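What follows is a set of structures for review.
Both complexes shown next keep subunit A, but they swap its partner, so subunit B is in the first and subunit C is in the second.
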Partner chain A sequence: MIALTVQKKLNGPNGDMLLDLDIQIKKGQLVTLYGASGAGKTSTLRILSGLLQPEKGTIQVNGAIWFDAVTKMNRTPQTRNIGYVFQDYALFPHMTVEENLSFGLSKDGDKKEVMELLEMMELVDLKDRKPVTLSGGQKQRVALARALVQKPTILLLDEPLSALDMKIRLKLQDYILKVHKVYALTTILISHDIGEIYKLSDQVFVLEDGKVIKNGTPTEVFLNDKISGKFKFKGEVLKIEKDEVVYLVTVLIQNEVVKVIAQESEIKQLQIGDRVLVASKAFNPVIYKIE
Partner chain B sequence: MNRLQGDIVQIETSGHLSIVSVMVSKALILKAIVVETPKTAPYLKEGNSIAVLFKETEVIIGTDQVDTISLQNKIPSTISQVEKGTLLSKLSLTTGQAGITAIISTKAVTQLNLTPDSKVIAMIKLNEMMLSEL
Partner chain C sequence: MNWEPLLLTLKLAGVTTLLLLVLSIPLALWLATTKSRLKPVIETLVSMPLVLPPTVLGFYFLVAFSPNNAFGTWLNEWLGLKLVFSFSGLVVASIIYSLPFMVHPIQAGLSGIAPSLKEAAYVMGKSKFTTLIKVLLPTIRPSLLTGIVLAFAHTVGEFGVVLMIGGNIPGKTKVASIAIYDEVESLNYAGANFYSTVLFLVTFCILLAVYLINGGYLKRFWK
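Entry: the complex of A and B
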């Protein structure tokens, strides 16, 4: 359990802002911080990792106090055992993939762990390459593997996939889920991609001007109760075809393709590639066992 | 999606389900059954304004007395336009101040002799009605 109760004055894009948080994250959860730029998301990760010191409050992780403004207790970043991945990879350019990983190894660390990570992240074939010869997705896999070398208990991901194209993103998301589970991490992700948040997160905290204005599962946070239908999915429009007096809209939802009959008035605002909500009532679908 | 606005006048709840009555006009009350209760959905409150949504393809059209039918939502309307396709036709209907659309089979349009200015009853099942917060 991470209990973060802190206050910190920040210089936001709109002037001074008070980051005022009271967040609890259960062990083993993958949570996302969501919100506009300057809402305090990255500062939250920096405070948790010890790179930024709050003025007031406490940070407790699994019962241990990492920070207490009153008693001046403040663990150094090195002793907090946190893995951190940024958007811009931050790899050492003069080192090979394997050396980049080994560099993060503690003195009594085991080379076997590096090999294990290389295998899990499917980097074995690339282990002697320098970062400059790698694609963005490969670099980010290396960065993710390197963040895990020291066996952190907490993984912080600051928009790690936002520079990558959709296909690579989907693949990297699978890697993130895999390491989160295999290493029993508590992971905090910053992301603006709602599809990604749905796929990865157990819980979402929505930040605005330094405060959590909403939290819950992705469904609770993003779908809300604006529409009462209980059979709701988000997807992407693949195709729009006219059939007589109606339109047939093909929508990609996760890996499944579904079709929805729509009206001209609904089609007017729709384009191929748009994100859409497909909703029906819980009364309509039929359900049957497939094995 | 057809959308009519009104005020919640009654909520009957049992277990996870509620039947919500929405007064669209003095003469027209529409009902929706939802998997929500006032506890799970704070917008379910008598007096609250709300939108009732239903799909054009879920509208049933009758021309006569329809008192012996189980459908809870019956909207007296006048056809303003008929757009015929081979299999399906689109009917534009007016009811009070509002307009709704129905998609029914072209065969039914012929059988019932539906033309502009025909008086009809548009019917929608309770469980085809969705609610949307304003």
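Entry: the complex of A and C
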């Protein structure tokens, strides 16, 4: 059980921001922090791991106090035993894959554990390679394996899959699930990908401007609108042009550009750059598999 | 031929480089990580020998270390150090004179490391010292090598500081650069040519070795 009740002033991209958290996470759960860049997700992981010190509050993990602003109690990152997978992987460039893992062993650690992890993450063939020679997905697996060497109490994954393409991503999600099943570790993941969150997590915390604005299971958080036969997409207006009697509005939805027909009365309140909701009554949607 | 000045030069450069390395790593680490307001002042002081004429440095060393004033007397009485016209004096002066050549590459190397590398070692339970020795320094090996070689070569080439504080005592302070000056003064061009050729070849080989190693040419060759 993790109880994180902290406050910390941050210098966000939009000026100063107060990170104000009150989060409880049950033991063995896989939870996701979701939210826009600069919402305080990475800072939350850094505070939990001791790399960033909050101004107020307490951190309690499995009954032990890790941080208490009042009594000035603060465990160093070295003593918190946290497995941390950094966004840039942070592999040690001068060490081979195997050495990167062995570095995390304690003095009386067993080399066999390193081999077991290498096998589990299918890294045995790569064990003598330096990080420079690895692909993004391979580096990611090394980082994940390395974080597990010290048998952490908590595993923190800071957008571990964001830089990878879809196919490798799906495979690595399976690795994360496997790790979570085998070790039953309390895991906190930062992710922007709703599909990924559905697949992996028990609980989601949605962060906005340093505060949790929503939390619950992925279904509760992302499907809170009543389910209907409607398709709804949020997008941005790129262009508005007149075509005969109607107007054509070009809207960017994620990475797709679509054209929507609009009446003059609807156009009046629209400007280029506006955030809009494009909705459609879908009578008979067709699903195609994408390779 | 008299090899003594050349050997003295190599000894001075070797001792200076070794002491500088030990001194510069903590200093560069502090400069690379500190948020202190003193940082610009310390950085300026470290860089001063780059722009100051060596004679200025030498002159102030001479004044400061002289047994005729308080600091020199204190050094002499308490530490038994006589720094004027002695080899240890040359070492102290060379350390200050070559300081930026060692500190700058190491500082640049350390600043260039992503903070996550250090943090990864911390969360893996490694102390700051272990992280420095096992992660940070091996990562900046090319910078360390550059610092070592530049400091060594710069000490080999120093003249003004040595002349001011060391004088021209054979076997003690008469290094190769002074010997060359000495030979030219007495119109012995063959002697000057001998020292110059050796210095030229030695520095050329050292620098070539650095570029070969840092450029990865040797590794490719061995493969």
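A few notes on this one:
As a convention for this text, the second predicted complex is superposed on the first by the 226 of 291 C-alpha atoms of A that agree within 3 Å, B and C clash if a C-alpha of one lies under 4 Å from a C-alpha of the other, contacts with A are read in each partner's own complex, and residues count from 1 in each chain.
Basically, a contact is a pair of C-beta atoms (placed from the backbone, for glycine too) under 8 Å apart; a residue touches a chain by one contact, two chains touch by 3 or more.
None of these values were measured; they are calculated from a predicted model.
Once the two complexes are overlaid on the shared chain, A:139 sits clear of subunit B and of subunit C alike. Annotation for subunit A, partner touching more residues between subunit B and subunit C: C.
Touch criterion met: A:90 reaches subunit C, while subunit B stays clear of it.
Shared-chain residue A:169: touches no atom of subunit B or subunit C. In the superposition on chain A, A:244 makes contact with subunit B only, not with subunit C. With both structures placed on the common chain, the touch criterion links A:261 to subunit B but leaves subunit C unconnected. By the touch criterion defined above, A:279 lies against subunit B but remains apart from subunit C after alignment on the C-alpha atoms of chain A.
In the superposed model, A:82 makes contact with subunit C only, not with subunit B.
No residue of subunit A is contacted both by subunit B in one complex and by subunit C in the other.
Within the complex formed with subunit A, the subunit B residues making contact are 1, 32-36, 40-43, 53, 55-57, 83-90, 101, 103, 127-128, 130-133. Within the complex formed with subunit A, the residues of subunit C that make contact are 114, 116-117, 119-127, 134-135, 138-139, 141. The part of subunit A that touches subunit B in the complex is made up of residues 225-230, 244-246, 261, 263, 266, 279, 281-284. Against subunit C, in their complex, subunit A makes its touches with residues 49-51, 76-84, 86-88, 90, 92-94, 103-104, 106, 146, 149-150.
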